[in-house]
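Each of the two complexes below includes subunit A, the first together with subunit B, the second together with subunit C.
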Partner chain A sequence: MLKATIDADILKESIDAISALVTECRLHTDENGLSTRAVDTANVAMVSLTLKKEAFSAFESTKGEIGLDIAKLKNIFGMMGKNDLISLELPEDGHKLKVSFEGYRYSITLLDPNTIRKDPNPPNIDLPGKVVLSGNDLYNSIKAAAVVSDKIALGIDAAQQLFFMAAEGDTDHIRREFGKSEVNFLNGIEARSLFSLDYLKDMGRVMGRADEVEVSLGIDHPAKFAFYIAGGQGYVEYLLAPRIEAD
Partner chain B sequence: MAIGKGAYLKAITSSRLGSSRILDRTMEGSTPPSVFVGSWNYPKVYAGPLIAPIREECGIMDTPEAWIPAGWSQEEILSCRLDLVRGKRVCDVTRVEDPDACRLQEIALSAGSVESQATFSETPAGTSLSEEHTPFGPSAHLVEFEAESSRFEPHLERCYYDSDLPASDAILALHREGVPFSSIQKALSVGALGTGGKRRMVPTRWSITACDTTLADRFLSRVRQNRLIDTVRVHEFSSLNNHYAVILLPTPWQYEWMEAFLHIRGDEELLFSDHEEFRGKKGYSCVGGCYYSCKMAVLEGLEREGVQAGAIVLREARKGYIPMGVFNVRENVRHAMLQPFREFEDLPSALADVSMRMTFPMERFVTESTVLKSQFRARQTTLDAFF
Partner chain C sequence: MGVAFRDILTEFRDTVGWEALAGVAAVDAHNALYQFLSIIRQPDGTPLMDQEGRTTSHLSGILFRTANFLEKGIRPVWVFDGTPPDFKQETIEVRRAIRDRAGERWQDALERGDIAEAYKQARSSSRIDENVIGTSQELLSLLGIPCVQAPSEGEAQAAHMVEKGDAGYVVSQDYDTLLFGAPVLVRNLAVSGKRKVRGRTISVYPERILLSDVLKGLALTRSDLVRVALLVGTDFNSGIKGVGAKTALRMVQRGEFEQTMRERLPDTEWEAIMEFFLAPPATDSYSLHWNAPDREGIIRMLCDRFDFSQERIQKALDSMGAKAGQKTLDSWFS
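This part shows the complex of A and B:
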């Protein structure tokens, strides 16, 4: 059973964070809020999202699992006004989620969770290099890199205490460095890995709205991007597998 | 690269001669059955039947699926296709219930060749050769056209009368029932498929890519659930002055299509390519419809075998090659996927093996590639490699 009311903007922000990587997911509900963890079909990137009940203006739920067609839900967003209040309702053992706002009443048929990929295990991975920077700076450098290449290197120069992004195209390259005035070094240890911009562009669009993004890196290891949404009441983590350069 | 693919293919085809058959303004013969819907002036397009000057079963003339198994040479295909005369008349694509449109639907749905008579406003002239559609001979405006009534192919007939069946579902069902691709595409093109009220005539070229894409998307959603292959596999096939190598990688689905045109006009060597990574392609491919035909053929094979792989397809078109439409790519790649594969431990040994049957240097394929090169320079890993 789920009965909740939420601001349209918060709902959109949360769904956008998931839809950057997957088109369907298993959404877990309990008395404290919602959560999901999903891996994209190629097993390259993962999204974890939690939305506390405080993110809602009203929230009441029992423990359950919903199969959500993200693409379908996104189609409805066009109808929602920015500050509309959205009410979500799912009866006990129901297979249709009722979404109502401004006089509209949608009934969305849910997916059978068993037909959706199982939740991946929580990642247990050591990524020692950690920096915090503004989401906007991060997204802008991703966009800049995409002009010259399809991949980007993210790294930390420990000696100089710099966080850098570099992209090499066939003929052009671009590099952006961030010093201590722009980046907070939680652990400025040497790190460098290469990532696909195809994924980062979609993730960046979501991260660009966050005040702060914590980036965790290793050497030829995945990157983790963690940030708050919904005014601090929601939390998103992206994990992206690297591309490995041959010698 | 100084020349685009479209301009290059136009240059190859412009020097070819047409049919030598002497034509009149009236014609009696049969349609294989075959129809052609042009894209020029859309949505008021030129559409009409293709008619052969013979009065016997001639279905093979418009069934490209049968040409490679029948062992036809490029010259045989061309001479048979150039005998087809295209009658045309302006049709509004939305008016699928007009008598002209209905007559084209009857032709496209029929189970065999249909005896026809046509009167043209002028003597048919010219030929049409293109990378996108199969070649045909002279064309002229239709004044009158009559076709014998004929029996419908039963699978097509069922979809035609089911006006609740969306076109994409019809395409998938017909393919599953073993109806040839060319018949499904013709039915879509004449506006015989789709939910009532939404049916449209679709220009031949667009309908080919629409069918390829509809099938490929469905195969891909299944293939993505399959286990990855665990070695590098190579399927190869050669015909009609073309050599094809399908290299399957033990990665999630990603796809690169590379085609080299060698010494066809003179001493030129041109390479065109396009690719998509794990997340698919946005927008239309810069190399045209063959990108989608090849993708469909590879995914059809992967789905049949119940596996998932990344695919790099190398094509070499050699001296003597004439563009004859994307069927050439689709049927050759389908045949390649049906050949037993050779297995390799790694990509370099697979490429070394393939390069023995290629004229174009493998290094140039690699240098100008994206997905292929990334296997050497910056291979995408997956998350399960880390925890």
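This part shows the complex of A and C:
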């Protein structure tokens, strides 16, 4: 059973965070809120999201699992006005989620959770390099890199105490460095890995709205991007596998 | 095929994880194609075929192996055989006879309804013809995988590319590659992790053999290793009946090679073969570039022309992530 009311913006923000990587997910519900963890079809990136009940204006739920068609839900967003209050309702053992706002009443058929990929286990990765910067700075650098290449190197230069991103195209090159004064936190542990911009562009669009994004890096390791949504009542973590550095 | 070295190499074969294999791999094309053609068959030995009866086992093998390689961060370059040396002629004729005979026995077994025998004979009848090579190269090019044409033996060219540092290792099941001087040989890179050995299916793991370990461990020079091979028999000479790798190794270590060759294989012109192993023809004129797979081209070729299921091909293409070199999170999930 789920019965909740939520601000349209917060719902959109949460669904956007998931839809950057997957088109469907298993949403876990309990009395404290919602959570999901999903990996994209190519096994390259993972999203984990938790939304506390405090993110809702009203929230009541039993423990359950919902198979959500993210793509379908996104289409409905077009109809929602900013600051609309959205009501979500799912009866015990129900298979249709009622979504109502501004006089519209949608009934959305849910997916059988068993047909959706199992939740991955939380991976155990040691990513010693850390930097905290504004989501906007991060997204801008991603966009800049995408102009010249399809991949980007993210790293920390321990000697210079810098966070850097660099993209190498066939003909052009771009590099952006952030010194300690430009970021909110930096531990200068040497790190560098290469990532696909196809993924980062989609993730960046979501991260661009966060005040702060904590980026964790290693050497030829995945990158972790963690940030709060829903005014601090929701938390998102992206994990992105690296590309192999070309010689 | 290849030299029967297994007995003396056991302790030098190190099992390695896929993650250690990321990088450029020089694939012995004929060895891989022969594997695909002999293994990818139905239980009665019939290979994968399109509606017109053209064999497609090799195309299936190439697609799925390439998808697996790219997913694991391995960038393959396929090395194809050129003109075989004159002294291989005899071996080639013997093999052709074996294949022809196996083909006849396969048909006999089918008529008798002996499925197990039919499968066995069908495998032995596998042949790599111009059509197989042509369609293989066409598919590899659509996959964005570079092909290199060896002047002579593909294994020798592959070994040369590893020696030069253009590739990290040779992928082949044959130990001959070591005779040609490949510093690193990797075996068992099948997608399934399974291999059919004498009718049984066994699990196999990638294994790596370093030439330097072998030479040091056996206290041999590379010429000595070739001498051992000549006694056992290579692709270019039939060895001495009853002499296996261990016996041959002892003979070479005791310095009895020349005498033994003179007495037991007087007609073998081993000097020329030895020279061929130690300094095989190889070329430096190749370029290694990997391109993104041409999804539409691959579907046109495999689904429209060769009747593959669109769904299976699509899935394989998806798993390639359309991008070579992209790692997956698998390596980090426990």
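Simple rule for what comes next: the second predicted complex is superposed on the first by the 243 of 247 C-alpha atoms of A that agree within 3 Å, B and C clash if a C-alpha of one lies under 4 Å from a C-alpha of the other, contacts with A are read in each partner's own complex, and residues count from 1 in each chain.
Here is the rule we use: a residue touches a chain if its C-beta (ideal position, glycine included) is under 8 Å from a C-beta of that chain, and two chains touch if they have at least 3 such contacts.
Just so it is clear, the structure is predicted and the values come from calculations on it, not from any experiment.
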Three-chain arrangement built on subunit A, subunit B and subunit C clash or fit: clash
Partner chain(s) touched by A:198 [first = subunit B, second = subunit C, both, neither]: both
Partner chain(s) touched by A:124 [first = subunit B, second = subunit C, both, neither]: both
Touching partner for A:79 - first (subunit B), second (subunit C), both, neither: neither
Partner chain in contact with A:242 - subunit B first, subunit C second, else both or neither: both
Touching partner for A:186 - first (subunit B), second (subunit C), both, neither: neither
Location of subunit C clashes with subunit B - one stretch out of 1-9, 55-63 or 199-207: 55-63
Those residues of subunit A which subunit B touches in one complex and subunit C touches in the other: 39, 41-46, 120-121, 123-125, 150, 196, 198, 221-222, 239, 241-244, 246
Interface residues, subunit A side, partner subunit B - complex: 39-46, 120-121, 123-125, 150-151, 194, 196, 198-199, 221-222, 239, 241-246
Partner subunit A, residues of subunit C touching it in the complex: 22-24, 73, 318-319, 321, 323, 325-334
List of subunit A residues in touch with subunit C within their complex: 39, 41-46, 120-121, 123-125, 150, 196, 198, 221-222, 239, 241-244, 246-247
Contact footprint of subunit A on subunit B as seen in their complex: 224, 252-254, 277-279, 370, 374, 376-387
